[in-house]
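In this document, chain identifiers A, B, C and D correspond to the written order of the chains, with residue numbering beginning at 1 in each.
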Amino acid sequence: MSEWLYIALFIVVGLIIPIGAIGAGFIFGPKKPNPIKESTYECGIETVGDAWIQFKSQYYIFALVFLVFDVEAVFLFPWAVKLGQLGLYAVVEGIIFVTILVVGLVYTWRKGMLEWV
Amino acid sequence: MTAQQIIFMIVAAYTLGSALMVVTTRNLVHAALWLVSTLFGVAVAYALLNANFIAVVQVVVYIGAIAILFIFAVMLTRKDMRDSGPQMNRNWWAGAIVAVLVFAGLAFLLSGWSGFQNTAAELPAEFDAISLLGEALTSPQAFVLPFEVASVLLLAALVGAVYVAFNPTKK
Amino acid sequence: MSFWNDPLKVAADWLEGVFTGWGMDAVLSHVLVAFLGVFLLIALLMVLDIFLVWIERKVVARFQDRIGPNRLGPFGLIQPFADIIKLIIKEDTTPSGADKVVYNLAPILSMMSVLILWAVVPLAPVVLGVDLNVGALFLIAAGAIGTLSIIMAGWSSNNKFAMIGGFRQVAVMVSFEIPMLTMLMIPTIYAGSMNMNAIIGAQDVWFFILSPLGALIFLIAAIAELGRAPFDLAEGESELVSGFNIEYSGMKFGMFYAGELLHAFTFGGFWAILFFGGYRFFGLEQVSPFLAILILIIKAMLGYWVIMWVKYTMMRIRIDQMLGFNWKFLTPLAFALLLVTALMNALLADAPTWLYALGMFLANVVTGWIALEIARSATRKEREQVEGIKTPVEAHH
Amino acid sequence: MVPLSWYLMFAAALFSIGLFGVLVRRNAVAILLGVELMLNAVNINLVAFWRYGDVTAMAGQVFAVIVFAVAAAEVAVGLALVISVYRRRNTVIADELDMLKW
């Protein structure tokens, strides 16, 4: 329990210090806003259209593959911790586990979904 | 009230408040960010339950991956930043009644259960939950089958999602 | 027990004695002392961060055959403070149409995600923030908050370049998190624990010697995670005019910048902890915690220097090359290495230390060599597809 | 010490809020957000039962980890469906996706 107290303190102090720094900038900096200054910067030319552009679906694919392997890692971490005390059968289980998921990666690859088109 | 109870109250109020924002905010990216806030509150609740591993995994999986996936999906399915039309359907009051009834029903059922007011025993000294979890996940007497089936489930999800989202027949 | 041997406990006991002497509650004084300790550590980190600006500028100058800042103070040491003052007195603009709350929260979360990493760093055997039994995963959890801050910055700025830069950066960060997660499992297997202190304690033989390939993959993934060259395409000045932080000015930009530098130094430190024995150096760490902290800082600086070395000698690569490199080479290689390590660990469980180390080292070398051969033949095939098969020109006499 | 009932009530409230979101939201992505809240409520219950029961029996934590995998799979396929529907029908409003009514 007390270990999470320290983590909580780290989070609190980690928030206070950047807020303090930005606050100092807010206090000491000049504040003379005007529409030109606040306009969106696009290399000097006038901004055209909305910032909400259509993204390509490749971003979703990479996040998707990441999600699957992230969850896989969650299962493998307890396995890795205990591996030293377990016999060969645990290694075989891990190999099966990873191999099944690598099949998914290969499928995605073969479908051409890992290409950045 | 002990310090732990006060902390729990604050965490629960924060989490439920964020959850209400998730279901009522109009802007979907804001709703996803409120979801992150809710999930963080749930992670703190796990930490209060001494489930270190689950608490960290909550942050890694939900905030690190699922929330990102949601934000990407919102970006991919919207053409403009403005929110047009109502975000809730006409029968929102019926939904609210159903939700309140479900909560009341759950509360009623649970309060009738004998173990409702249980308190937790102290954790044994030198208690190593991760080691036990690793053993449980790999032992043939315990959960090795769910462990491998989870892998198959993730494979099915990956293949299915790739196939559904990007079916080459439609151009 | 003296101050020389266990400074943290002595100081904490003394302070707690002072606070309870003032009639303060025991629990409250404990929390207050912990708060002061954390505050002191983070304040020292911020001071270090200011000097990292100077170090980075000096080192890059040397790489590029320049002298670097040398006007203000000895060796230009006052220069970073001038930079800080400049950042503070700059006007803090918010672009019109920005999402104000999210826009202001992003730099704060970005800095916070780096600072909380130091919660699990063991500075010395007795000087450590938290003895968390999930230390390795905590690294990834903090990184998740950093990823989120970038997506928030990119989305809330209401700028196309910021949005594209943020999205690219996030795609790269999440992709390279997989090899990094996998490589975190290798010290975990060797040490039988995710606790950072236990990982250091298990390194009678540096894990770099047991798994040089693992250390290399971890470094590559860490550089990508930091968004530094050669993986800094999200900041591509030529196409995206600095990426997700384009609309930030003054101290808010300073937070992103300082966060990146401290993040690089922190990953140098984690590289040292996971693969180079952390604060251990031939028993010197037993003499005094102060010496142990010095050893860790020197090792972290060396790791940071390697990261800088890579940054200033390599060219930026394209995003498709980079993601292809990750998903088609680094990730399969990381999984193969993990499985080979697990297998060797089981096979060599009863072997003496020298045989264990030798077997692991050879397994790593063989895995790396096979991977490189496969990659070489694959690239040759690809080149032949593009350029056509080249027949060697016959020499005429 | 916090009694078990507090955690159960907390989880029940979170579940009901998620249910409300699922029932009333029109956007399909927002409906999935509600489902996530419900899955989290389930997980709180599982971990609380682990902590308040026999801590050396890891069934609660194993179930919680498997719920993570289920949630990940659900989100991956669910959002892929939403994206696919958006590409075909150009909408993600659940009420307008009524092809199966005929």
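The rule we apply is simple: a residue touches a chain if its C-beta (ideal position, glycine included) is under 8 Å from a C-beta of that chain, and two chains touch if they have at least 3 such contacts.
Predicted, not measured: the structure shown is a model, and the values here were computed from it.
Visitor: Could you name the chain whose Cα mean is nearest to the mean of all protein Cα atoms here?
Guide: So the chain sitting closest to the middle is A.
Visitor: Comparing the two chain pairs, does B-C have more C-beta contacts than B-D, or is it the other way round?
Guide: B-D
Visitor: Would you mind pulling out the distance in Å between where the CA atoms of chain B average out and where those of chain D do?
Guide: The separation of the two C-alpha centroids amounts to 6 Å.
Visitor: Quick one: report the Å distance separating chain B from chain C, using the average Cα coordinate of each chain.
Guide: Taking the average C-alpha coordinate of chain B and of chain C, the gap between them is 29 Å.
Visitor: What whole-Å value do you get for the distance between chain A and chain C if each is reduced to the mean of its CA atoms?
Guide: 14
Visitor: Name the residues of chain B that each touch 2 or more other chains.
Guide: Residues 48, 50, 52-53, 57, 60-61, 64-66, 68-69, 72-73, 75-76, 78, 129-130, 133, 135, 137, 150, 154, 157-158, 161-162, 165 of chain B each touch two or more of the other chains.
Visitor: Two or more other chains touching the same residue: where does that happen in chain A?
Guide: 3, 7, 51-52, 55, 57, 59-60, 63-68, 70-71, 73-75, 77, 80-83, 90, 105
Visitor: Indicate the residues of chain C shared as contacts by at least two other chains.
Guide: Only 132, 137, 167, 170, 174, 177, 194 qualify.
Visitor: Judged by the touch rule stated earlier, which pairs of chains are there in contact?
Guide: Contact pairs between chains: A-B, A-C, A-D, B-C, B-D.
Visitor: Enumerate the contact residues on chain C facing chain B in the complex.
Guide: Chain C residues touching chain B: 27, 102, 132-134, 137-138, 140-141, 143-145, 147-148, 151-152, 155, 167, 170, 174, 177, 194.
Visitor: Which bits of chain D are touching chain A when the two form their complex?
Guide: Of all residues in chain D, those touching chain A are 65, 68-69, 72, 75-76, 79-80, 83.
Visitor: Using the touch definition from the top, list the residues of chain A that touch chain D in their complex.
Guide: My answer: residues 57, 60, 64, 67-68, 70-71, 74-75.
Visitor: In the complex, go through chain A and note every residue touching chain B.
Guide: These residues of chain A touch chain B: 1, 3-4, 7, 50-52, 54-55, 57, 59-61, 63-68, 70-75, 77-83, 86, 89-90, 93, 96-97, 100-101, 103-105, 107-108, 111, 113.
Visitor: Where on chain C does chain A make contact in their complex?
Guide: By the definition above, chain C touches chain A via 31, 34-35, 38-39, 42-43, 46, 87-97, 104, 107-108, 111-112, 115-116, 118-119, 129-132, 136-137, 157-164, 167, 170-171, 174-175, 177-178, 181-182, 185, 188-189, 192-194, 241, 246-247, 250-252, 254-255, 319-320, 323-324, 327-328, 331-332, 335, 338-339, 342-343, 345-347, 349.
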